[in-house]
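Note that chain A is present in both complexes that follow, paired respectively with chain B and with chain C.
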Partner chain A sequence: MKNPSRFVPALYIFFLMLPIYWLINMSFKTTNEILGSFSLWPREFTTENYVAIFTDPTWYMGYVNSLAYVSLNTVLSVSVALPAAYAFSRYRFLGDKHLFFWLLTNRMAPPAVFALPFFQLYSAVGLFDTYWAVALAHTLFNIPLAVWILEGFMSGVPKELDETAYVDGYSFPRFFVKIFIPTIAAGIGVAAFFCFMFSWVELLLAKTLTSVAAKPIAAVMTRTASTSGYELGLLAAAGTLTIIPGAFVIYFVRNYIARGFALGRV
Partner chain B sequence: MSLELIDVSKRVGVEQHIYPTNLTLEAGGMNILLGTTLSGKTTLMQLMAGLDKLTTGSIRFNGEDVTRTAVQKRNVSMVYQQFINYPNFSVFENIASPLRVARMAEDEIKRRVCEMAELLKLSGMLDRRPSELSGGQQQRTAMARALVKDADLVLLDEPLANLDFKLREELRDELPRLFANRECVVVYATTEPVEALLFGGKTATLHKGRVTQFGPTGDVYRKPQDLVSAEVFSEPPINHAQVTKNGETLTLVSGASWSATGQAAALPDGTYTLGLRPHHVTPAQSGSQPVEVDGNVMVTELSGSESVVHFHLGGRTWVSQSHGIHPFEVGEQATLYADVSQAFYFDASGALIAG
Partner chain C sequence: MNKTENQKAWLFVLPVVLLVAFNAVIPLMTVVNYSVQETFGDNTFFWAGVIWFQDVLNSDRFHASLGRQMIFTFSILAIEIPLGVLIALTLPRKGPWVPVCLVLMALPLLIPYNVVGAMWNIFALPDIGLLGYGLNALGFDYNFTRQPGDAWFTLILMDVWHWTSLVVLLAYAGLVSIPDAYYQAAKIDGAKSFAIFRYIQLPKMKRVLTIAVLLRFMDSFMIYTEPFVLTGGGPGNSTTLLSVDLVKIALGQFDLGPAAAMSLIYFLIILLLSWVFYTLMMRNEAN
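The block that comes next holds the complex of A and B.
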């Protein structure tokens, strides 16, 4: 082999994909085969794990619930972050830099800190076990993130664009909706993607704030223990399905994310 | 049509961006704001447009007070140094946007945009996005959008600065033609004295937030009111040096002397600052009163048709600008001739007193 360095990316991808392959591999096996033998591909290929998930409402409602609060959270976070990011990128006001940094520190706080107060608060106001409970709780770390990302994209747009629009006769709301938002569409895409991902993978708050009606898929997955032990095949199938929405969303924003990196905001 | 600034000033925090300024700009011919970067040209334009709030003073348009009128209601248009267009609109929609906001009839929009595109040579690219155009075309689009709505006040903030040399020359030639038949007040900010001279009209020289002089461009150039205005309106920078008058004789700090003529003859004895434009300092004798000045050559720049020589004179750097190629060696003691009949004399406060 002339150039051994080309093996490095190959090895990297191999190790990266190995657990994912194993998950998919397991999802098509029966639990007995998983526990009883070591096989690189399913010897008895079965789709019964998937069938079980798609026919049992306690399973598939987990996905529906997760998708519902994640979407709600994404829309909420981005629409609240847009005007905030605009203010940070265009105006200088007292303590703006400190406020901006403080926003970001919210992202660093562990969710566990907020689990108890949220639980108590939402129970008191009747939000417990609703999509809104989780969606609102997740805005805690998603709004700062969205503001941070959007501010980067907005600062990349010269303020002369705003001025030109005012000179042309646009009122502020009209300029914002018709010109500014389309101009930073890529940034909105990136912000939405990250909100989606973080809300999708967050487990602690989602699990604490729901019980039955809004139970997320990740919580459902932790309850597969039965009298005969863990149903590993079923769990693997559920895991495989969990990856899909994220993979799907990342496909659409892959080009924009590179731009986000270039701006140093992702 | 006229735009009047009355005691207009702008202060941000402790920084005074614009000192109280009075200016009356009129339609017909360009009004040029000439000054270096950070001299306050852009700030002044934003105040004129209503994009920024005045700290003091008021603005009148055609005698009507517009100080508190929102920019959207003022019928102004503006072109920036950066090529500003709406990236998500086609060129057609970009040019049409002020008309759409004004809810003009579709036929009329179409007619006006096509006419404007014709004038600015954009006809073939109306369907493209601004990002698919060259820099020159992007700036033409911005210009078309500024002109299409027949604004009363057109503000051009260094519109040619980001273009390459060829395109700049081309657009520079077109600009006066574009405004020839328009009834509007045109304000053009530039850092280049050459542009001011090319466009004529009136010029206001700006220095550190102050308008130092305002008047017909030729007059401002020929009769700078003070040293600062002369410095702003000279490229390469105007040469200056201390000169002492004793009886009939004027003696330069470097030792060269000559007998005073013209207005300089009437000056009382004393020390003054002499200002002389670089093209009046030449390697060969020229003009009506050439005086020999010697200096140590520091830098020489040769372009195809002219020579620029920087040299030391009495502790200052002087510049000579002349036609033709005059090779000088760096470090060489050069003999040059200053046509002192063209000199300006400034007193200690910097005010012009003779020349």
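The block that comes next holds the complex of A and C.
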């Protein structure tokens, strides 16, 4: 089928790639070249920006910190969301609908509203500037999301599965771990992906809750942009590196992206 | 699915409730607390009643940010939803290119917000950015750091770049769930492509589009980092959206009372508008 409308996605993807190309282009240029002239590709190709990042602990520790709290948050959100989603998909209990709605309203709270109280709360409990502070703070919007996605996947599993397992003599924990979790593995993957994504891209809370020891890469970038002048090449290289984890993760869930969204219900 | 009544299910949801309550209820109570008190900076607080709420609701500054926020949110909804549906309709439904397209399209969604801002800043710089240089070379007088119109253009283009893919993914998910038989039946009836869209594809997409509109509405109403990094709210105050203004007051000037009152009003507006959207769309679906 020859169809000129096929150009629409192609054009759209081209538009999406332009700023990304420009960022990568800048990251391989020297500062002199960036500020001195306009060029579509690096004339004096250099990797010095990347070398600078990988040899300076304040830079590369930023990545380690970000990955640490993002992973912690993903594991935490998914593991507490699993039993909760199971309860929502299988049982009726007092206040279940209200509870589900309350969880979702947290998805609507602007991080800007919570920045200051979070700073005070996590300072008060002595978690300020630790991975735990950011990981826990991000559960505010990731747990509701994980519950929501997992509940969708679990409702698709017929209840007969549970009943057959009990007849076969499985205890509940053994059934949950040995049978149920493998059955909804795809759902867990999708939930983990979205938790990873929303924790990875969030900056306002991550920046507010850290100062030195757990500073995320995104905050290292803003500091560099303001204090050490206009090092665009370095900024571009750091930005390019932040795209890689996302691209990597999305490759694994490519077949579930659409499905994960489709199952969501507001 | 018919669910069984079981109050022990509360034990399963308890960890979630505790964690979210710790993160949501305590900070929210802190905000409520500040919003009704006055302080002179020495950690002693006085009851202040509703004066902060009156201040915020009567302040021109708040009205102006709220107005800008509304313009921003409705502009990006008006662009992203139709554009996302159009792209989803033109995407192939099967074939080796589908996963490639989906992965490439999802890429902007996974870039940290401040990197999106920084990337667009570099991209739009009038002297060395591809977009800025290109527009100037084409004869437009473009400078997003000086001219409010250009700042708005860049801000909206950035958001379209960042989030249209979300609408595409959702709409596409609705489309692929339509069985082939529907299309075959439509073909036999000799339906035009617009009729197929209107009577088969659109109804099937209604639910996912509801989610898309809600998510885009909420997220765009909360947007902070991208405009902050791109324009810093400027030039002047021309792109100071609600969150940018709120952070300026709360963490910049440390005016706790007004910031807290503004936070609550802000949160209530989002809840209220989300509810209105949701009910309106559900009513349409019921009809």
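Note that the second predicted complex is superposed on the first by the 253 of 266 C-alpha atoms of A that agree within 3 Å, B and C clash if a C-alpha of one lies under 4 Å from a C-alpha of the other, contacts with A are read in each partner's own complex, and residues count from 1 in each chain.
We take it that contacts are C-beta pairs under 8 Å (C-beta built on N, C-alpha and C of every residue); 3 or more make two chains touch, one makes a residue touch a chain.
Because the structure is a prediction, the values reported are computed rather than measured.
Of the two partner chains, neither chain B nor chain C is touched by A:T130.
In the superposition on chain A, A:T46 makes contact with neither chain B nor chain C. Residue contacts after overlaying the shared chain place A:G169 against chain B, while chain C stays out of touching range. Once the two complexes are laid over each other on the shared chain, residue contacts for A:A87 go to chain C alone; chain B is not touched.
Taking chain B and chain C in turn and counting the residues of chain A each one touches, the greater count comes from C. Looking at the shared chain after the overlay, A:F15 reaches chain C, while chain B stays out of its contact range.
In the superposition on chain A, A:S71 makes contact with neither chain B nor chain C.
Once chain A of one complex is fitted onto chain A of the other, the partner contacts of A:I250 are limited to chain C, with no touch recorded for chain B. When both complexes are overlaid on chain A, the residue A:T105 reaches chain C alone and has no touch with chain B.
Common to the chain B and chain C interfaces on chain A is no residue. The residues of chain B lying in touch with chain A in their complex are 46, 49, 51, 71-72, 76-78, 80, 82, 84, 86-89, 97-98, 101-102, 142, 145, 149.
The touching residues of chain C, counted against chain A in their complex, run 1, 3-10, 12-13, 15-17, 19-20, 22-24, 26-28, 30-31, 86-87, 89-92, 99, 101-115, 118-120, 122-123, 127-131, 133, 161, 164-165, 168-170, 172-174, 176-177, 207-208, 210-211, 214, 218, 221-222, 224-225, 229, 242-243, 246-247, 250-251, 256, 259, 263-264, 266-267, 270-271, 274, 278.
Listing the residues of chain A that touch chain B in their complex gives 158, 160-161, 163-171, 174, 179, 182-183, 185. Residue ranges on chain A touching chain C, taken from their complex, read 3, 5-6, 8-9, 12-13, 15-20, 22-23, 26, 34-35, 37-38, 40, 76, 80-81, 83-84, 86-94, 96, 99, 103, 105-118, 120-121, 136-137, 139-140, 143-144, 147, 155, 159, 197, 200-204, 208, 217-218, 221-222, 225, 232, 235-236, 239, 242-243, 245-247, 249-251, 254-255, 257-259, 261-262, 264-266.
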